[in-house]
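What follows is a group of structures, each given as structure tokens.
Heads up, the next two complexes both have subunit A, just with different partners, subunit B and then subunit C.
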Partner chain A sequence: MKTTTIVLACLLTASAARAQDARLRGVLDAETLAKVTRLTDSARVESLPVEPLVGVALEGAQRHASGARITKAVQDYLGALRGARAALGSDASVAEIASGAGVLLSGVNGDVLRQLRTASPNRSLTVPLVVLADLIARGVPKDTAARAIAAAARANARDDDYSALRRFVEQDIIAGASPAAAAMLRVRSITGVPPADEPVP
Partner chain B sequence: MSVYSSIVVRAAAALLVSAAAGAQQTWSPFIGFASASSAGPRQPMPGVSPLVIEPGALLESGRGSILARWSVPVTSPAFQLNDADLAMRARLLSNRLAEGSLVATARFDHGSLDALASASSAVRLQIGTTGPTRGLQFGAGVDGWRSNINGNGVVVPATTISGWIRRFGLSFSAELSARSLPGSSTTTTDTARFSFIPDSLARRSTSGTADTAITGNPYVPSPSPPTSSQPTSQGANGRAFGEAALRVSGMLMSFGIDGHAGIGLASGGQARGFGSLILTKWISPGFAFTGGVVVQPPEPGSSGRRAGGLLGIRLASGPRLFPHFVNAPKVGASSSSVRFVDGGATIEVRAPAAGHVEISGDFTRWRPVTLDHVGGDRWALTTRLTPGLHRFVVRVDGGTWLPAPGLPQAVDAYEGTVSVIVAP
Partner chain C sequence: MTDGDFERLYERAGAALRAPAPDEDAARDRLVKRIHAESLRSTTRRGNAFLPWWAALAAAAIAFAAGLGTGRATTSSRSSTAAPVASGAAADAAQRPIEFVFVAPAARNVSLVGDFNGWDASATPMRRTDGRTTWSVAVQLPAGRHVYAFVVDGDAWVADPQAPLAPEQWYGQRNSVVVVAASGDRRS
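And now, the complex of A and B:
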């Protein structure tokens, strides 16, 4: 029975790998495909999300990046996924790890993720991390954005609060406010006090 | 001149290789048919050319663009004047804030009646700021000109500063340029070109003073940057020349607009104004009516300006407009927005003058998907989005993939810039 289970698991894994190869096969050359497949296989073995890695490879193909460049980008993303899980803990969900990797790749230190986990040990950090990445994309300096999200986490903000923060900052920026000022101002509506002026990791 | 020719040839070759090296290219052939007329102070012969044919093509990739065109007035033997343009731009550096590029333009015209021929070219290295709505560029290089009238060639250093903004679907640009002619160089005749305007032939055969006016083709929006980037005044020893030009291009109330106006100044000489306005009405993708007027500065020794007009049709594959693409922002997407609905989002892109708009992102597995034309200049796609961060780029008329203006952006793993949206 045990042997049958193992064989079935192997078959399922191989089937998934083949399906993924099919998505990449038409767009990557053989050498790059082999290297990327090794990286996605590593991610799968480590129970890390594979979809973002495939997305990075497909994006590279769309941008006509060289095989070496695509391999490097996938490698970097895999490193970020590992870093995110190390920072968020082994119990982190796939969505949290993927969001955390995006934050790390935008230049935020892994200690910020640890801070957030410490502040919200029993809540999903997917939304806060996505909002953090969004604030940085909107031009909020990463230290300021990290400070704002950390302050919100310490104030036990809910997902709706983070979504509102993102929405209000967006509106303020469109209205002409500086991204940093908008983030600092709006996070006060959640925490009631300005974000602590503590150094950001 | 041979050294300069070598520079131009090498620059052109480098640009061709650079543009062709981008694996993703867009090839857009076009052809125009027009009638043209002109009037001026010296008009010994009728200034009408009933049919002018103008074939050409635009090649674009993420690394640059190349435009080639050739015009021939086929039904006016007395005014046979062939002219051809080649304009190229290669991006050497491009990111969210800065852009550096190498620009080369070349032009040749030849009148079969009097066998006059002239060639002009310009090479510029440009660097400056760029962004979705504005940019500022500094350029330095050389301009060259040669005619078979006396065989003299002129090569002069040239500098430019140009800025542009984009508002209301229109691109507004201004350029200042300066060039000087070394004291040892002399140009002893006039070979002004004015394709489609037959009196240029009369002028070419009658004038003989030291001045040369070169302006843009009245039929096609100049393939070069604002007209001032080409040598417009050359002549006496040790003189300096400067120009200021304004250009507007884009779509306004369903009309494609390409207009420019400027003034040229030479040390010791008088100011010379020039301008043109070409309107294009696209009836359907690939088919347009076009018409316009051109005003050229007075000829040397003359007090009156010359004016010309044209009316015709254009058949094109690809971009609806052919703005002075080598040195100015292409009129692409002007703004974007995202509306979230249950389980998905509608991404809307406004792109004046667009024939088609595509999107490519993580939610399309980075494959191009054509947006639906939802009216006016609005294009939209409704798609399912999983909660979280999504990244994408858009392109207009098969051009370069760019982030959608007006949405947050991030640098991707390939040193490109992508739009970022967060699905709730």
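And now, the complex of A and C:
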């Protein structure tokens, strides 16, 4: 009985070691490594992307962040990945889920992601979501940014259009325009129609 | 021609001018597309993927004043579409060469860090490409969304001033995003 217990314990330990990412083992302390590994294991069980979580932990280690901060970052990102996958659907790509998580972390409601998926069921949302998050990061109000991207999606904008929208808004802001006005003006010039005035979720 | 004839003629001419041209919508669409295409050409013709020359100069001046620099990520062909696309979260095994460019004349060394190299500042050093101000490096990236930054002189982490900003600020500073498109993939 005692031998069996020891063998089982060894097997469990070996299994846990295998689950740990080799890249994390050398840069995280034991406690942080254990906590981060539990989170990445959860992601794996839920079929969520693990690489973005490992990336956040590695970035924290390279920036000399504390173990608590690294664990919190991975935990928060895991929550955002869950929310993005729930909103975008189970067939969303890894890049879409990661981009969607970024949008949720910007404070945008998950219903915006659902609307975008409905408007563009067969197109990748990676670039639109990256641009949406960028607009918000540059000071465009969340609702305005969401409305602009939704209008572009309804107009069947291509990835190049979204990239152009981002560039033009950025240069308008540098030139002194208000971020909100720049976003509304530029999306209209790209889609040819003003963004709809319906409330943003 | 009587006064009545003139009045009728004026009315018909006015009505004709007020009426929309048969293909007005199509013409407006064509015009918008042409303006859009011209705007894109005017930015890429000057070799800058994101900004017109005056805005790039302003951004560069601000960055230089801060002792940092300006940069961009492009495909190695320098086609400079610079769509926000690519990284370690890749679903596509095929890799594409992406060139990262950063202007930092005062820097002693610059390296590229991102989720594709474990954020290791020693993994991907950049080289001066014009002998003075510009640093660049080309890396193979799988399709997907990649997050990255430049590290100047070993300790200053700087987002790419010409790329989309990453919304996540886990450790107090923003990074940049590049998206590498998957060839023939419906969703990347």
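Observations
To be clear about the criterion, the second predicted complex is superposed on the first by the 177 of 201 C-alpha atoms of A that agree within 3 Å, B and C clash if a C-alpha of one lies under 4 Å from a C-alpha of the other, contacts with A are read in each partner's own complex, and residues count from 1 in each chain.
Throughout what follows, a contact is a pair of C-beta atoms (placed from the backbone, for glycine too) under 8 Å apart; a residue touches a chain by one contact, two chains touch by 3 or more.
In this text, all values refer to a predicted model and were calculated from it rather than measured experimentally.
On the shared subunit subunit A, the superposed partners subunit B and subunit C overlap sterically. Of the two partner chains, neither subunit B nor subunit C is touched by A:V112. Of the two partner chains, subunit C is the only one touched by A:A164; subunit B is not. Between subunit B and subunit C, the partner in contact with more residues of subunit A is C. With both structures placed on the common chain, the touch criterion links A:R63 to subunit B and to subunit C. Once chain A of one complex is fitted onto chain A of the other, the partner contacts of A:Y77 extend to both subunit B and subunit C. Of the two partner chains placed around the shared chain by superposition, subunit B and subunit C are both touched by A:S99. In the superposition on chain A, A:G55 makes contact with both subunit B and subunit C. Among the candidate segments 91-99, 109-117, 127-135 or 361-369, the part of subunit B whose C-alpha atoms clash with subunit C in the superposed model is 361-369. Looking at subunit A, you'll find residues 23, 55-56, 58-63, 65, 69, 73, 76-77, 95, 98-99, 102, 105-106, 126-127, 130-131, 133-134, 136-138, 163, 166 touch subunit B in one structure and subunit C in the other. On the side of subunit C, the complex with subunit A involves touching residues 28-29, 32, 35-36, 39-40, 43, 50-52, 55, 58-59, 81-91, 113, 115, 118-121, 143-145, 147, 157, 164-168, 170-171, 174-175, 177, 179, 181, 185-188.
The residues of subunit B lying in touch with subunit A in their complex are 22-24, 62, 360, 362, 365-367, 387-389, 391, 401, 408-410, 412-414, 416, 420, 422, 424.
Listing the residues of subunit A that touch subunit C in their complex gives 23, 49, 51-52, 54-56, 58-63, 65, 69, 73, 76-77, 91-96, 98-99, 102-103, 105-106, 122-127, 130-131, 133-134, 136-138, 159-164, 166-168, 170-171, 174-175, 189-190, 192. Here subunit A touches subunit B in the complex through residues 23, 55-56, 58-65, 69, 73, 76-77, 95, 98-99, 102, 105-106, 126-127, 130-131, 133-134, 136-139, 163, 166, going by the rule given at the top.
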